[in-house]
Each structure stands twice: as structure tokens, then as C-alpha cells.
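In the two assemblies presented below, chain A is common to both, partnered first by chain B and then by chain C.
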Partner chain A sequence: MKRILRVMLGVFTAIGGFVDIGDLVTNAVVGSRFGVSLAWVVVVGVVGICVFAEMSGRVAAVSGRGTFDLVRERLGPRGGLLNLVGSVAVTLLTFIAEIGGIALAFELVSGVNYLLLVPFAAFAVWLILWRVKFSSMENTFGLAGLSLLVFAFAVWRLGPDWGELLQRAAHPAVPMGEGHPTYWYYAIALFGAAMTPYEVFFFSSGGVEEKWSRKDLRLERMNVFLGFPLGGLLSLSIMVCAALVMMPQGIEVNTLGQVGLPVAMALGKLGLAFALLGFVAATFGAACETGLSVGYSVAQFYGWQWGKFVSPVRASRFHLLILISTLLAVAVLLTTVDPIKVTEYSVVFSAVALPLTYFPILIVANDPDYMGASVNGRVANAIGMLYLVILTVASLAALPLMLITKAGQ
Partner chain B sequence: MTASADRVPRKPTGEYSFDATLRLLDRQVIDSDGAFVCNVDDLEIDVPATRPPRVVALLTGPGVLGPRTGGFIGRWMVATWQRLSPASDPKPGRIDVHLIAHIDSAIHLAVPKNRLAELADGDEGIDGFEKWARSVIIGRIPGAGHDPE
Partner chain C sequence: MRPLKGIATAVAALTLAGCVSAAPDDSSFEEKTSTTAAAAASEVATVRLTTQLLIEGHLQQNYAEVTISASEDALSSIAQTFSVVQPPDGAADQLRAQVEAILSDASDAVAEARIASRRDDHAAMTTALVNLDRANAQLQAAEEMLG
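Right after this comes the complex of A and B.
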């Protein structure tokens, strides 16, 4: 058990990246409209986030520096500030959506309108960030989030024709009735979700919170290479569930409730209970991850004390930021804006944030002054360079595609 | 200077010479207790007539970060800082280089951060916002003084 808990940082980070409220619904939407023809994007995304999260975690373990520290150090005040604005916007929008997501998940359980639940959800998240130890937080929500594996079990119980499924995933074609721009819009949305910048901010700062050192590099790699592929698996399972159940019926997914339908069909009430527990844990986890990431990135940019390894009075500005973000989230959600739509707009800001986040990581991971003997190998550099190109293309294409397709409609 | 000691030649006078822009600017400053103090937002450089220029202090705060950011945003940062600061003529935070114990991926000081103001003749340029946030908001919320459980 102790061994499992030691890789919880990777699992927890990946849940926040791959199956937060926006992604839970997007995965199901993609499955119901495009089948498995976009499954390859998740695989591409998993490889990319693994390579860069490994670099950022390695830098954190060897030098004790969180990722935004490096961003500021390598891009200077101007470039750093531009990235700060972009990534805080992405992260904050996601944070707002997650608090709405928790409320939506509880609406499914209780039947109470989610707007009434928003203040309670926000208070609960703030209390966790204020009071609960980092490791307790990641273990609780990481483990509970794994109940989303029920989607993988449901795929197996639905008994698809595996050969045909693989055939379709390996030879992707845009389905009838869908345009190419829409296809590529969703491809970028899935890729952006897999590589969203707050994952590396959180993962590297989490490494510092857990007091990783050079000795923990093996542990750091285990976290990366177990956690993120697991996140990808959850994402794919939800997609395939929707592809098997919704797509043949022509049902379009719009709400969180519909995401759980295939599980209910395949596994009955017990399965659905697991799915609901998974929704609650994943949205709670993602809310904690994004809320802390806002604090981590701003505090590291300015050099303030941050982290849950000290008491709140010793990191007052960091906790003040979290408090303000939480109040802002409640205010925004009570305007009755759709929480799931909120995450779609964050794509716009990731156009700025993605290349400006991953570039400094690649540079510092090659700097022997920081890394000593633990600098990047050739494989990591080659893949890292390739992904920087893909990231730049994706970030440039994101906004035009969003406008052309009216956000994937 | 532990990580790069083999590559940074030490002069007979005991002074180091290295690329200050790369090794000092925008780095995290950490005190002797391991607490994060600030980022190095700018450097104070002494340029004697007869000797090469020398870094004498690390500077921090919006007052020096603003000009380095430049443009409208930079001016706005400085103006906001001047308006919000309790002093009529606020000065940026200043840490003398003699207080630096060693430099690796961060700059480590030889003193704890609560002694910095006293060592700088009562200058409150560092941590003003932190103290304000603590006394006005965060310190008043129950549980603020406890480590997370």
C-alpha cells in the first residue's frame, strides 16, 4: 500500500489534467461524435506530458526549483509576465469550472440544483487548501479518482469487437457528417487538455512539497510513467464507452449525467455509484490542483514563500491568492455561466502559455549548473524538440479553429 | 557556488567573477532557515574608476521590477507600488552581497529573513506585502498558525 501511495502525486496530477470536469464531458462528446478516430491524440498527448513532466520533476528533485521559477529565470520579467498572465488565465478558468464541476457532480447524487451547491463546494475546496496536508490531499483524491477505472471495466463488459476498434483507432477517418475543422478543433482540445501547463506547475511544485531530492529520481520517474498513462487510459475509456453506446444511437452528449450512462448500462447501479464517486473525486482533485497551481505560479514568479509545507501565516500572500481565487470562482459561477463552457475558453489562453512554459523547462533540463550529471539525454531532447514544434503549431491553430467551428458545434 | 565551483575561478582577492545576468538576476533568494525571501529583480552595481564593476547588492520589489518589465505595464507596476506603500518615498528592497552564504540554483543567505530589515537599518522594503496580508487577512483566519494536518 505504501508503495502505491508513493506514486500518488503522478496519479493525482494526471487526473487533474485528463479527467477534470471539462475533459470528462469533452471525452464523451468526442466518443459520441467521432468514435475512436481521435484516440491517437490522447496517445500523442500522454507521450508529450510524460517527457516534459519528467523533465520538470527531475529539475525540481535535483535543484528544488518549481517550474515557474525556471520560467521567470529563463524568460526574464517581460516574457515571464506574458506567460504568467496566459497560464494563470488557463488555470483560473479551469479552477472556476472545477468548483462548478463538484457542484454538478453533487447535483447528480442529491438532485439539488448545482447553483445552490456552489458556495459549499467552494468552501470545501478552500478548507482543504487551507488546512489539509499535501500528502493526505493527493492520496485521498488520487485513490478515490481511480474509481473512474469503472469506465475501463464497462468497456470490457460492453464486449466490443476489439479488432475493429483497434482498426478504426489506427486508421482514423473523419466520420460522416462532421467537418475537418471540427475534427481538428477537438484534436487540439484533447491535446491541450493532456498537456495543460498547470500539470507541470503542480507536479514540479508537488515534488518540492514532498521534499524530493536527487535520491528520489527513480521515484519521480515512476510517478510520471505510471501516473500520466493511467490518466490517458481513463480518458480513453470514457471516450470508447461513449463511442460504443452513444455513437450508434446518434445521441449527443451535453451534460455530466450523460457521461455516466454507458457505465450504468453495462454495470448497473453499482457501476454508476463508482462513476459518481469518480466524478466527485476527479473534480475535487482538479480543483485542488488548479487552485494550488495559481498560487504556485504567481508566488514563484515573484519569489514569495509558497507551499503547504509551511503554515498559512508563513505564506500569507500565497494563501491570500487562493482565497481570492475561490471567492472569484463563486462570483463567476453564480452568474449561471455553464462551467463546462468555461473550460473551452481556456484553450485561447493556452495558445500563449503552452510554448512559453515548455521551452524554459527544456532549456534548464539541459543546464549542467542546475542539473549536474542529471541533464537531459538525447532521446528526451529529441522528443522535447519535436513536441515544442507540435505545441507551437497547435497553439497557433487553436484560436482560428475555435472561431471557424464556433467552439466545435 | 557549490554546483559550479569547478567552473567559476576564484580570484586571489576572494571575489568571484561570473555572468551576473545569468547567475543572479531573476533567481530565488532563500534565507538561512530555508524560507523563500524574494526574487532578484535587479542588481546594484558599483562602478569604481580604477577597478572593474562590482555587484554590491541584490534589489527586489515592484520598484525595480517595473522598469525592467518596461512599457505601460512596468510604469503601472511602479505607480501602484508607490501609491500603496506606507512610506512617502518608498525604496526597493536591498540585500547586501555580504549576506550571501552560497549560490547554487538559488541564492542562499547567511541570515534569517526577519533580521534583514534590522541589517538594512530598519528598511521594510522586503516583505511589506507579506506582512500586510498576514496582519490584515490571513493571520485572522482560524488555523493560520498551524501546520497543515
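Right after this comes the complex of A and C.
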């Protein structure tokens, strides 16, 4: 019974923790402009994140070491540093977007301008990262994030023509008024949002925090192969809501407030209250994950003590990094830069950095010196290699498409 | 010193040129106008939907106010950006004046919705809906004519 509860908790937190500000915004923007014609990208992205999260979790469970610890050892300091700089830059950008997202979510609740809320949001994130136990943090935000299931209920209440919806998703076409470059730009943004690099840093480092071993591999796989696809369904629900309500009215989503309107239309105030709880939980949880991921990456690379499984005084440089990142996020957001724009750029730059993150994981997961009998099998390698090609194409195309389309305009 | 002075002049010229959005020919100006109309219509439709949901009791007051204010700010920014686009000739002047008038009507309708929603005045919100519909129709017509 205890084991079943543990499995369920892991799967539920994986579902609830799957969506972050990047998923919320990008799926809603795409739904409002392209309907469900880019739904296939979410499926491709979810399969990709499952494959690589399973690999990174397995590496953590077998070796007991974090991703960047092994990246430096396997690729050498110079190659590893390139990976570190690229990945940390993107994770930091995502961290800024998440803190901005928390402030925007609280603005919708309180009516207070988000700029006034940014310092409080950042302080709350820092305090949680400093004081709260890893498992408590992960479970609380993961379970609260389940309230985003309200988007799936909203889709059902909106009563779409399911046959037509499936037909459009299965036969994607560029809608009238949109160009092919814009379509592909948003395909890459959606892919970047689904496969954000921090997710694997957090997942594998979390495995070390929770002292996973070989006997936890089954649980780890259930979290990944059940939790992530169901989390992907939440992303699709957000997209479908926007496609059903916003697209027919010619509304192009560019604020967090617009993301929740279809839920209000379908389920009223109570539904919207759940959506707001989901926004707060998703952004808060992801802010904690990205903040930790910055600390994990740098500390693991340089061999410093890291993690929440030791007291802050024993991992002082790790916690100092988190503090500096938090202050930097506040400074950037107080320049009045639009957090939604930061989010949109963060998912595209995530796509640019994807090969830097996933290539070393594939190498380490194939190395019998680290993995022993748990080395990648043929299927994992074949899918991993296929995804590496997709990641590289997406990475190379992201910036030219951003320039050609003026960031998706 | 001379090369430095040249660079400084070039930077100043580029900076000043950046203050006015260039539109070198008629088709480019029409494209910018169409894009402006579409973006403005999106904001007006957002305010319309938000106001409708507020009247029906489907939305919290704070949520509605924040969403309407964000659209009002975005609409103001869209109108401001359009106002600095350089029209290439006399015909474009006329088009510019027409679209600016539509944008002004749209801004008024959005402001009306914002005021009514903050006062929780359902009668005024219902009136605002009519004006928002009219503004949206004008913007969509402009977009379709030029698109």
C-alpha cells in the first residue's frame, strides 16, 4: 500500500509539475493563432523529454552523481564549460520568466501591479529554496499544479466537435493569415517549451537529492512514462482551450490573463480560481526547479558541495549562487521588461541550447564505465539518436526563424 | 578625432532614424496598417470577451480589471507605434487618418469598458459591449481591406 501511494505521489507530482510559464504561454499563444495544427509538436516534445529524462534519472540512480558532475568528467573542462555556459544561461532566463510569472499570477488574484510583487515573489522563492525540504517543496507544488486539470475539464465543457478537432490535429495545416516561417518558429518554441533543459537537470539532481538507487529505477520510469505524458495532456488542453475560444474571436494571446479566459467561459469563477491556483503552483514550482537547477549545474561542474540534502552552511556556494540568481532575476524584471516576452524568448533559446544539454546525457548513458549493466539499450539509443538529429535541426533553425519572423510576429 | 566624430554622427543618425518607423512604399505601409488593425482587433476582442464574462458573473473583478488594463496598455502602444510610421504619399496620408480615427474609437470603447467594469456598472458595461463590437468590426474591415 505504501509503495502504491509512493508511486501515485510520484506520478501526480510529475503531472502537476510538468507545466511551467513557458508551457502556459506558448501553448495558449499557439492555440490562439494556429489552432491545434501544432499539437503534434507537443507529442514529439513529450516523447523526447521522456526518453532523455529517463536516461538522466537512470544515470543519477546508477552513478549517484549529478549530470554536470559527469559532463565535466566525460567531456573535459573545456567542452563541459561550453555546455555549462549555454545551459545555465537558458536556465537563468527561464528562472527570470518563472519569477515574472509568479508576479503576474498574483497580480491577477490581487489586482496589485506585478512590478510591486516581483521582489516578494523572488523573496518567497529564495526562502523556500533555503528552508523547505526538497520532497515537501516538490510534492506541494506538484500536487497543487494538478489544479491545471481544470483546462481539461474546460475543454470538455466547451463541447468541441471531437472528430473535427482530431482531424485538424492529425492533418496539420498552416492557418490563413499565417506564414510557413511563423508556423515553424512556433513549432520550435513549443518543442523548446516541452523539452526545456532544466527539466532534466532538476530531475536527475532530484534523484540524487532523494538518494535514488538501482532499486528505484522502476519508480523513476513510472514517474517519467506516466507523469510526463499526462502532463503533456495538460499542455494540449491549454492549447485546445485557446483554439476553441480565442482563435474564432481573433484574439492573439499575449498576457497570462488571456490564458485563463476560456476556463472562466466554460466553468465560471470556481473554474478560474482553480486555474489561478494552477498558475501560481506551476510558476512557483518551476521557479524553485530552475533556481535549484542553476545552483546544481554550476556546483556540480566545479565539484562544490550542492543540494538540499545538506544544510545550507555545508553548501554555502550552492546557496550563494541561488541568491545571486534570484537578485539578478529581480533586477532584470524591475527594468519593466515584459515577463511574457522573456518567456517567449526563453523557450526559443531553450531550443537553441537543446543539443548542449542532451548530447552529453546520451554519451554518459552509453558509457559502461558509469552505467555498468544499466547502459542504454538499442531502442533507447535509436530514439536518442533520432532526437539528437531533431534537436540539432531545431537548434540551428531557431535563431534564423526568430530573425525572419521578427520573433513570431 | 575625425573617425570618432564620423562614427558618432553615424550612430546619432541611426538612432534618430530608429525613432521613426520607416515605410518605404505603399505596399509596405498597407502591410503595417493591416498588421496594426489585426493587433488592435485582438485587444478589443479580449476586452469584449472579458467584459461579457464579467457581466455573466464568470470572472473575478480583479482578474477582469487586470486583463482589461493590459489590453488597454497594449492598444495604446499599438496606436503609438502606428502613429510614427512614415506614410509614403498623399493616398497613404488618407489611409493613416482613417485608421487613426478607428484606433481612437477603439481606445475610447476600451476605456469605457474599463471604467464600467471598475464601477461594476452592468448597464454601462452592456453599452460598452456595443461600442466594442463596433470598433472590432471597423478594425476587422480595415484588416480585410488591406490584408
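Here is the rule we go by: the second predicted complex is superposed on the first by the 385 of 409 C-alpha atoms of A that agree within 3 Å, B and C clash if a C-alpha of one lies under 4 Å from a C-alpha of the other, contacts with A are read in each partner's own complex, and residues count from 1 in each chain.
Heads up, the rule we're going with is that contacts are C-beta pairs under 8 Å (C-beta built on N, C-alpha and C of every residue); 3 or more make two chains touch, one makes a residue touch a chain.
What you see is a predicted model, and the numbers here were worked out from it, not measured in a lab.
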item	value
Clash or fit (per the criteria above) of chain B with chain C on chain A	fit
Which superposed partner A:E73 touches (first chain B, second chain C, both, neither)	first
Most chain A residues touched (candidates chain B, chain C)	B
Partner chain(s) touched by A:N254 [first = chain B, second = chain C, both, neither]	second
Geometry of the superposed three-chain model: angle at chain A (Cα centres of chain B and chain C, steps of 10 degrees)	130
Which superposed partner A:M265 touches (first chain B, second chain C, both, neither)	second
Which of chain B and chain C A:R58 touches, first, second, both or neither	neither
Which of chain B and chain C A:L108 touches, first, second, both or neither	second
Superposition-derived minimum Cα distance between chain C and chain B (Å)	28
Contact residues of chain A, present in both the chain B and the chain C interface	none
Residues of chain C that touch chain A when the two form their complex	35, 38-39, 41-42, 45-46, 48-50, 53, 57-63, 65-67, 70-71, 74, 136, 140, 147
Residues of chain A that touch chain C when the two form their complex	107-111, 177, 245, 249-252, 254-255, 257-258, 260-261, 264-265, 268-269, 272-273, 276, 409
Touch list for chain A against partner chain B, complex	63-65, 69, 72-73, 76-78, 80-81, 130-134, 136, 299-306, 308, 310-314, 316-317, 319-320, 323, 369-370, 372
List of chain B residues in touch with chain A within their complex	3-4, 23, 25-29, 35-41, 60, 65, 68-70, 73, 104-106, 129-131, 133-134, 137-139, 141, 143-149
